[in-house]
């Protein structure tokens, strides 16, 4: 690809220092992310899967400039962001926006929906108040809510609707990149389908680059073109989605795939015991 | 959040607080007798038609004193809580929003201040500036700062951990804007509850100081002072002690109930408790 | 665990140092030259100057501070201006009295508050629980000295069961000691018990909503035993915090009750010293109180470690 | 396995282990469960699925007699061997049954264990309480149990506090507690929702083998259809506080009758290709709207305000229809007036 | 500070904690405590417990101001050559007799024989010389020592005879010898006055529980009449109610000083004896003569007319005490009732104010935090306001804050304080630097005349001076504090009038 990658990670690592637990020992270090290198092309739907604590959220926070890597470089649209102080990242806030996991806690319960959606605009001083109002109304309609939702508070909406509000907020500054951290993990299946459809639609409609994090392999499979499998802070495998699901290279990936209960397989007679046996087998293969 | 139900504590506490505030306000335009005027009639009258709660040794109307004294009570509470909140809340938010040594330092300082209870500070202040209502309430206020700072900090830490704050940062809001738009509104409930409870504590502290002779000086209506003055005639005229005593207890009860009720009202977790 | 304690110990020492500077600095802004107050207004300037020299009040502040702290570390806070009496033994006497009083009150309060608070939590939906809770609110609202005055009026003056006040050291006459301890301890304890019971109630209520209590029930424990076996230790954490705070504030807060019952405690010594401008005594008493509070906080922290295994493995 | 058979637990092998009839649960003002009826046979594993807020946990808690204060249950719950209705049984008797004849595994492994008590004691307590094992041996038996649930170095684990264990390990401990007294009935409320997939696979296996070994009945709650399919033989679909469909897993999931079940299956099917032949992305089928909050479900068919097929007929409570003649109506049936036909696809 | 050298104006002659007067307490006292079990009912006759207000800070009254120490120790532990009896007469004590030369300059004292100090040493003329010289030395630091300045020389003219020569005639010197400056010490007994005592009195110091009680024991070798009680305990109560309760619950036998007269109702009805005597404590509504508005005579006169003294006394001190009208208590030989000088007349007060152009004059009534001042302050404020003053009450902590602001810095317009020093007309008003800022030369001349004259001349001149003071409205004289004692009915010999610094135990008995 000759194009500049939208996001480019070069040997990115992030360490956390835990509190000292023994007087005599040095405080333990957690390598939440280590040596992650990847390029994400414009328009790509890039997925990251991994189990709890594998460092997915930490990586995302660094990509969004909410945290700084201990080592390595992060470039967004060719511009390094890993060393910039927050106040110099205004442009990034406009180019890149976030959708979070928890539809309860990602919206300030004490703000009106209109103000929530307008927040990125206010934060970056985009438009006049009237223009912002118009944009908010437009966005709300776009994500399938009525414009008068702007006057209400988040608790007056259901989980799925709240996730729509989150998406509307993310779209407000007209970003090029949408970063989603487990956006459907907390939702019921019926609503999950609605939100996944919406994401699909806006990524297409707005020509976005999508970085999508989940621990659910089937969701990632449904959404993404390319997937990175993360374990203990590392990318163990990066591959186009279908290839990964059909022909996983890394044993850990195979282990993950083996462990996912699948409806069709279950109906075909695969019991929990078999599922466990396959998982164990994949684990043993790895070690 | 769901629907919120008024609870008994809130209603009863609110009613008591409203009555006290009402009395204080009315006392500015009307009192049954001239406020604090001595020698209006005979001393030590028991409650009667003209002097609803009797008279004291200075031949003052007790009811008038109670009414006017409610101002002192509210005044003490307001200033003490005001001082505590104005300092404690920003300190708490600052401590929560600065993760490094600054936050630690602020909280350690706070802990040290915690080692000076209200009464100790008040005695120390009274030693310097003499006993007066103002000194008492400022001392109480300063001693209350740590509890505000702590509660604000713990609330703010929770808010800072939420995804909407991360979203606001990703949206490019400055720390100040985040503190104002997100943190403060979301810890306001906690602070109001704390204020109500601190109010009650301030009233008690003022009464204790008045009892020690370090509180409100003579010539100003104050329940604590009335109680202090009534002591020497406890057996001859017990109502003179019981009435302000009951007023103090009622006010404290009111603010405590109000704070408790408010906490339940604002906390969805406690729904239906 | 050791790390935690070591860190807390460090904080304690630093806090003590800072507080000592605060207390020292604070006392230097007291109006009224202590030497002149001690000698009377019309004392000659020379004799005032002599006393100032004697007590080192004319030396640089830093030097005064250092010698003061040095004295404190040797448990020798100096002598009084007026009487030239040693301050240390006086404080020790008074502190002992206050400790007896506060200790008895706290023990009484805990004995009352634990069962009552638990009861209020368990029965919080029933009439008796609500009534008890309401009563505890009223208890919280009654100033301790008012309780004391009323108790004296009834039990000392009317019924003549116990003396109205005063203090007899336990070593001198244990019976008289107890007789004189009862009323003040009760009047402090009632209010503290009410406060504590409310915290116990809310801590137990919190615990009652915990999943592990449901697990315990699912194992076949009945509600009360499950609460006792699994709940109380967990509820103890917030309760211990409050106990520590109560103890800390009571050391000085007891002064009101000391006044009502004519008990020569630490708070009374502070009030007297303030009136007499006994600078060194004030400083020493305040410092003792502050040290007590800081040490109590430290002990409370150490208790957390005992109670909550999660804290033992670092944070 | 030291089974201590309670004399009352002698039973007719054909009688269901658990039988729930007309169970309703409500607060003072709102009804949260309506007329829930189902039964579980010995050795049978039954799944209970439904979206959040449909009443799954309430059902489980009502069965266990652990409903929170302020909730009242009516109807009847009987456990084989304990003739009387558990809903009216005294707390004292109930507590002897709980943990002994029926046990429960909860969802949150993080909070389900007492943080201030060593794990071994918590396991041992389950046995000493019911005196199924002498107190002296309980500790050793606890270690054995921890070994059985596949924990490495069980003696070491027994000495740990919960916070020193990972989520999966804790869930195993909770399972060990539940299985300690070889219960007749194991109720699992989303036991693996909080776990990673690999751990989930192992814990599911553990549970299934645990109940199989004891020939116990299991009520398994989840909202993950694939998990039900892997662990259970029969499934109950719940929505709005009612059981809307029941039947063998293979049949219900292959050809759901109730429109809700159908929608659920379709919406969760992420395996279907995301892109159509022309490269256009294909939208997932969805159920419109979202689950109403308790008390705001419509009268009649609870699903009718989200159902594409709803008609006026749905305003009346649909009767329970048997699925086919192969099963008893109670074990396989549905409550819908316009059921889906075999193999019918949902329109997106 | 405005220190002066003429006799008797110490910081201690104002204020509350005078022995025997009912003025102490409030915030300045220490907490009391009952050191030992009560003696009232079953304790036997050998012990009496007396409840008092202010606890001494030390046992050394030569360096420590305040009345609490002499209250307990003077006449009881330390004796003087002459003392004042209950009627105000100077009577023999350690001096069995004395004579004054015609020029009034030489006093010759004949000492009693057989008196010994508690350390066993005999009391001789050398001890008198030592004691008087010591007052004049640096060993004494309190300001009262200035009363001894007038002594030119003191000589032992025999084992039991002492001759004192004054530099000028003074009637007040002999009187001063009845106070603490006349206390007799032993040369070997002054090393640790703060903690121990060596006196010749009927009692010896036995024990001091700080914060609580001082115990005196009978002196077995006392030279005079043996006291009735083996042991006397002074118990200290900062809180007046606690003091009352202690008597009601039989923990003490005597309330030596009733702090709140309105509480006397509790003891009425025959179960207790209530003794109302008098004191030297003139409660003075002092005005700052050196600053506006009270530097103008009409304004001062207006203030005097504005006060309804009887109502005031009834309201704030339960009607106990006596109205005086000038700076002389009824027990002084030159007492005259001057209450008629400025009768209560609000209209006249208003007229006078208007005359001075001072209507609505702003007055800060800066009172010390002492019971009588706080109590009267409220009423005075109200009465002055009725007459057209603009009064703000300002309560100052006593002693420190009040001494600093009012007494030392003269930063006040009005105050209320009881001057408890005996014969203190000169002390309070004879010095323009004193806080009253008065010191009118004509008035001082009258005092000088009195001091130097014969006793008869003294009485006449003092009456003149009191009249002058009253008419010039140097201050308003509210009332003289009563000495209120409540005791078990069988206690006799209580010192009815508190006109000395001592709570004299010599006649105390149970009968």
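Order of writing sets the labels: A, B, C, D and E. Residues in every chain begin at 1.
What we mean here is this: a residue touches a chain if its C-beta (ideal position, glycine included) is under 8 Å from a C-beta of that chain, and two chains touch if they have at least 3 such contacts.
Since the structure is predicted, the reported quantities are computational estimates derived from the model, not experimental observations.
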| item | value |
| --- | --- |
| Distance-maximising chain from chain E - centres being C-alpha averages | D |
| Among all chain pairs, the one with the most C-beta contacts | C-E |
| Euclidean distance of C-alpha centroids - chain C vs chain E, Å | 40 |
| CA centroid of chain A to CA centroid of chain E, Å | 87 |
| Length of the line joining the C-alpha centres of chain B and chain D, rounded to whole Å | 51 |
| Geometric centre distance via CA averages, chain D-chain A, whole Å | 31 |
| Chain C residues counted as touching two or more neighbouring chains | 31, 149, 157, 259, 271, 313 |
| Chain D: positions in contact with at least two other chains | 70 |
| Junction residues of chain B, two or more chains touched | 2, 126-127, 212, 231, 234-235 |
| Residues of chain B touching chain E in the complex | 37-39, 43, 57-59, 126-127, 130-132, 212-214, 217-219, 231-236 |
| Chain C residues touching chain B - in the complex, by the definition given at the top | 11, 14-15, 18-19, 22, 26, 29-31, 124, 137-138, 140-146, 149, 153, 157, 205, 209, 248-249, 252-253, 255-256, 259, 267, 270-271, 274, 282, 286, 289-290, 293-294, 297 |
| Residues of chain E that touch chain C when the two form their complex | 1, 3-4, 9-12, 27-38, 55, 57-60, 63-65, 138, 141-143, 194-195, 209-212, 235, 237-239, 241-242, 245-246, 248-249, 251, 397-401, 403-404, 407-408 |
| List of chain D residues in touch with chain C within their complex | 64, 66, 69-70, 91-92, 95-100, 103-104, 106, 108, 111-117, 125-126, 129-130, 161, 163-164, 174, 177-178 |
| Chain C-facing residues of chain B, complex | 9, 108-109, 111-112, 114-120, 123-124, 126-128, 200, 204, 207-208, 211-212, 227, 231, 234-235, 238, 241, 245, 248-253, 256-257, 260, 269, 273 |
